[in-house]
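All chains are identified by letter, namely A, B, C and D, in their written order; residue positions are counted from 1 within each chain.
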Amino acid sequence: MTDVLDELYATLQARKNADAQDSYVASLYRGGLDKILKKVGEEATETVIAAKSGDRAALVHELADLWFHSLVLMAHKDVPLAELTDELARRRGRSGLDEKAERPAEGRPRTSRSK
Amino acid sequence: MTDVLDELYATLQARKNADAQDSYVASLYRGGLDKILKKVGEEATETVIAAKSGDRAALVHELADLWFHSLVLMAHKDVPLAELTDELARRRGRSGLDEKAERPAEGRPRTSRSK
Amino acid sequence: MTDVLDELYATLQARKNADAQDSYVASLYRGGLDKILKKVGEEATETVIAAKSGDRAALVHELADLWFHSLVLMAHKDVPLAELTDELARRRGRSGLDEKAERPAEGRPRTSRSK
Amino acid sequence: MTDVLDELYATLQARKNADAQDSYVASLYRGGLDKILKKVGEEATETVIAAKSGDRAALVHELADLWFHSLVLMAHKDVPLAELTDELARRRGRSGLDEKAERPAEGRPRTSRSK
């Protein structure tokens, strides 16, 4: 299902070299790094507010905004999506997460592990 | 490549019902919504700092932290990853984003529309 | 010099019951808690960006915005400014700060203290 | 009442040149700008969480943390408190703020002006 992210990232990258002056994304690129970062901060705050409000639809909306602007930031800085997912894959090998990595989470005997 | 996200999300969901007391993720769930949200806010700030520092490795690291804790939040609130990606897929049809994409995602003919 | 804060807080409190529909502050009160909190989060992010940019004038501007919206939040929640300053006064009694309170920092013998 | 802020700022400034290695504030200065900014972002998020929780005591606590770390940032960047309050004083002349204040701060006659 997350091909959506790959496609969205490719679209955002393509937009960087487009000459469109009128889209929201074009306005972000024109605004430069500070404008994009301001949006990342804003959407994080709005995610917190939506979650605390217990408004599920708003939460999904704000998380999508947060990830969307994260992808714009990555496109702006030429960080491929694969670099982010590689880093996340590494997270599974830390913090006790690794025990669940290779196979489904349920029904496996627990083995000792280091923290 | 983003199967990583699906797998990570499944792992995080499974951890909710695990009895582990000693992992970092378990400590987040134990801390509840406020603790998870505090981390989302923290990682957003650290993403901004890393981006402004021009430190590419740190930026990837902080973005991964931001998305990781977003996934923990989604697991905590039982929001499936598909709901987020569906919302992101909808983003491509707004804000003039897709009108400039080299290829529409689903191969359907593009029609003009107002913003 | 910080009478400015007292006066500004009093002004913000007075605005709450005013019937003006057209000022920026009135629009914040009308927007309610979420709108005010969104601004607090935004201004914190902009403070970080300005500080990292090394732009002193922008830093002062953003810090003023951050404190301004903090004061709007306090007025909205009926938290007197004195409650905040009392709490800050207590801070001086923690974290090793108190030893420096009454007199200049330099040239005094250090005595043992708990953290 | 806000002499507290002047005193706290002076204390924080004095701490910069102190040789203490063990206080919380000393650890912030040692951590440098990024560490201080990270705390500003953190406390802003915690302010939002406390306000949404409707926990008045927590709100005062988090706002005090936010202002405390703002003052540390100002001391670190050698921005006098007066510069911040001067900027805030200017805010009263904008956004229709003072037009509804019961009394002008300095007792001078009010003249009309555009927003």
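Please note the rule applied: contacts are C-beta pairs under 8 Å (C-beta built on N, C-alpha and C of every residue); 3 or more make two chains touch, one makes a residue touch a chain.
Here the structure is a predicted model, which is why all the values come from computation and not from measurement.
Engineer: Of the pairs B-D and B-C, which shows more C-beta pairs in contact?
Structural biologist: B-D
Engineer: Comparing residue numbers, which of A-D, A-B or A-C shares more than half of the contact pairs of C-D?
Structural biologist: Of the listed pairs A-D, A-B or A-C, the one copying the C-D interface is A-B.
Engineer: Taking the mean of the C-alpha atoms as each chain's centre, how many Å separate chain A from chain B?
Structural biologist: The separation of the two C-alpha centroids amounts to 4 Å.
Engineer: If you average the CA atoms of chain B and of chain C, how many Å lie between those two points?
Structural biologist: Result: the chain centres lie 32 Å from each other.
Engineer: Which positions in chain B touch two or more other chains at once?
Structural biologist: Touching at least two other chains: 37, 40-41, 44-45, 48-49, 52-53.
Engineer: Sort out for me which residues of chain D touch chain C in the complex.
Structural biologist: 1-8, 11-12, 14-15, 17-18, 20, 22-26, 33, 37, 40-41, 43-45, 47-48, 51-52, 56, 59-61, 63-64, 66-68, 70, 73-74, 77, 79, 81-89, 91-92, 94-102, 105, 115
Engineer: So in the complex, which bits of chain C are touching chain B?
Structural biologist: Listed in rising order, the residues are 41, 44-45, 48-49, 52-53.
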